[in-house]
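In structure tokens below, several structures.
Presented sequentially are two complexes of subunit A, the first with subunit B as partner and the second with subunit C.
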Partner chain A sequence: MSPANAALVRVTQVPGVRGSLLISATDGLVVAERLMDGIDGRAVAALAASLVQRLSRAAIGAGMRIPTFVHLRGNEGSVLAAPGQNDLVLVALTGLDANLGLARLEMLDAVGRLN
Partner chain B sequence: MSDDIRGLTARLAEEPSSLAFLELGEALRRRGQLEAAYKVARGGLSRYPDLADAHDLLAHILGDQGDLAGAFDAWVEALRVDPMRTSALKGIGFLYFRAGDVAAAREHLQRAADIDPDDAAITQALARMSEAGRARASASPAGQGIPVVAPQEAAAEASGDNTDHGLLLVDGNGLRLSGHLRSGSLGDVGDRVAAELAGVSKEASRTTRLLGLGTWQTIAVESPEANLFLLAPTPDTVLLTIRETSLPMARLGLIAERAARDARAWLGHQE
Partner chain C sequence: MRALEPWVVEPLQTFLAESSARLILLMTTSGQVVAQHGFARSFEVMTAAALGSAIVASTEELARLMGAPRFGAVVHGGSRLSCMLAAFGTPRGRWIGLVVFGPETSIGLVQLFFDRMVEELVGAAPRQAAAPPIRAENFERELNASLKELFGR
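And now, the complex of A and B:
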């Protein structure tokens, strides 16, 4: 199993995670994915990449470096994103019942191993 | 009766609806005529119940009278009318400090510092509070009293560890409505960040909608330098709160939620 797929497996094993992807931050393309049926990986990748880029610009505007973790919470679930090196971002989609703390730790650890 | 008080009393008598009661009440308070000052402030508040200055004046008078609970309530009321009112945040911070709740005191003073980073008295008070906290932590017997330090009286060098933190309220077009954001050598970066935040809000809305996650509620962002928390007090505004990374994100969320409530009240009063 490739390091990328191993990272996705770890993240998707967290309760409440519906799927995870490794995407390219600059063009929003899917590098690897592990998603539940019915989730459009390309849409997730494009939207998450765009959001992370926007937030990175806001952070840089505030005199900070690019974010290490992003959590967008909707009233029916969340998008989690952990930007890593080499333009890669590990993204996860969760339901309301997800263990977000565990998902965050797994994602940070996984993206750290990819760097 | 001094000339200035006589003059202000006459002015108020001639024009009862004027704001002269603010000056008169303050003049009476400074002369120690607290009962008279209280009556003037109450009279003014009956005409202007939504004037933060009037609540602020009443809080000062009640504080001088020793009615600290009353002063607290009056400052809370001032904040309801004007969430960015630093004098009320300082007053509440001072009262919390007197009560021994250093965390709450720091929180209020920090909010005041975020709103008005140029107010040296606030940064000095925060520094003094840190010193007092350290002294308290190293003091041996439990239950030793906390030194009472009024923010206005505090004197110490400004602490530099909070200069790049802030609170920013932005409209849907990326324009700053209120608050400040300072970043070291860059100075006030509020307008620059505000311009980016309008895009963030639209992006978040699009993302949650298209991915079936409902309406976006909050965005928590971790960076090596600080944690950022975004939420929308109203559909057309975004509130950004930034704190140092040592503050747990969940707690930052609670602070941001409270700031959003204040912002909603403030926005309601602007309409």
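And now, the complex of A and C:
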């Protein structure tokens, strides 16, 4: 199994995680994905990459460092993103019942191993 | 924004707003311009339409030679500006979209919203027979007529 797929498997094994993707931050394209049926990976990749890019620019503009983890909470779940090196971002989609703490730990560890 | 057909305007405006693309040119596969946004001069539109339709024709022929299905899109990534060229089917025939975008957006976003624009165009297109291909002897007259309508001169 490739390192990218190994990272996705680890994240999707966390309870409540509906899928995860490895995306290119600059291009907003999917590098690898492991998603439940009905989730449009292409759309998630494009929009999550845009979100991470804009947040990074905002953080730099405010004199802070680039975020190491992004959590966007919605009414029916969350989008989690962990930017790594080499322009890659690990993204996870979760339901309301997800163990977000464990998901965060797994994502940070997985993205660290990809670097 | 200039368009020869009014039903094209809304999907195009939505695309521009959501994708943050800088320029867009919609044309038929024979290079006849349907709509444009961001081009200042008719000469630029004429050149872009001719080059765009030629590139799509070349890539489709390349795909045919390779025994592959048509390529979805051709993307030229640049450091300052990038360009995407994609052909798609509509009830009015096969059209081509040429999109120029900068670093403020991404190819992922442009492709995502371009596909949505295509769905909207297909849904909004009046159901009537596609225009017949333009004959070579009429090409320049047709092109000049559409440019005159797009640029008002």
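Before moving on, here are some points about what is shown:
Criterion: the second predicted complex is superposed on the first by the 115 of 115 C-alpha atoms of A that agree within 3 Å, B and C clash if a C-alpha of one lies under 4 Å from a C-alpha of the other, contacts with A are read in each partner's own complex, and residues count from 1 in each chain.
Here, contacts are C-beta pairs under 8 Å (C-beta built on N, C-alpha and C of every residue); 3 or more make two chains touch, one makes a residue touch a chain.
Everything quoted here is computed from the prediction, not taken from an experiment.
Look at subunit A after the overlay: subunit B and subunit C fit there side by side. Shared-chain residue A:T26: touches subunit C; no touch with subunit B. Once chain A of one complex is fitted onto chain A of the other, the partner contacts of A:G16 are absent, as it touches neither subunit B nor subunit C.
Looking at the shared chain after the overlay, A:G112 reaches neither subunit B nor subunit C. Contacts of A:L72 after superposition: subunit B is touched, whereas subunit C is not reached.
The larger set of touched subunit A residues comes from B, when the choice is between subunit B and subunit C. In the superposition on chain A, A:A45 contacts subunit C only, with no contact to subunit B. With subunit A as vertex, the superposed Cα centres of subunit B and subunit C define an angle of 110 degrees, given in steps of 10.
The superposed three-chain arrangement places the nearest Cα atoms of subunit B and subunit C 10 Å from each other. Of the residues of subunit A, those at positions 43, 47, 50 touch subunit B in one of the two structures and subunit C in the other. Residues 105-109, 111-112 of subunit C touch subunit A in their complex. Against subunit B, the residues of subunit A that register as touching in their complex are 39, 43-44, 47-48, 50-51, 54-55, 57-59, 61-79, 93. Contact residues of subunit A toward subunit C in the complex are 23-24, 26-29, 42-43, 45-47, 49-50, 53. Within the complex formed with subunit A, the subunit B residues making contact are 164, 181, 183-184, 186, 189, 192-193, 195-197, 199-200, 203-204, 206-208, 210-226, 228, 240, 242.
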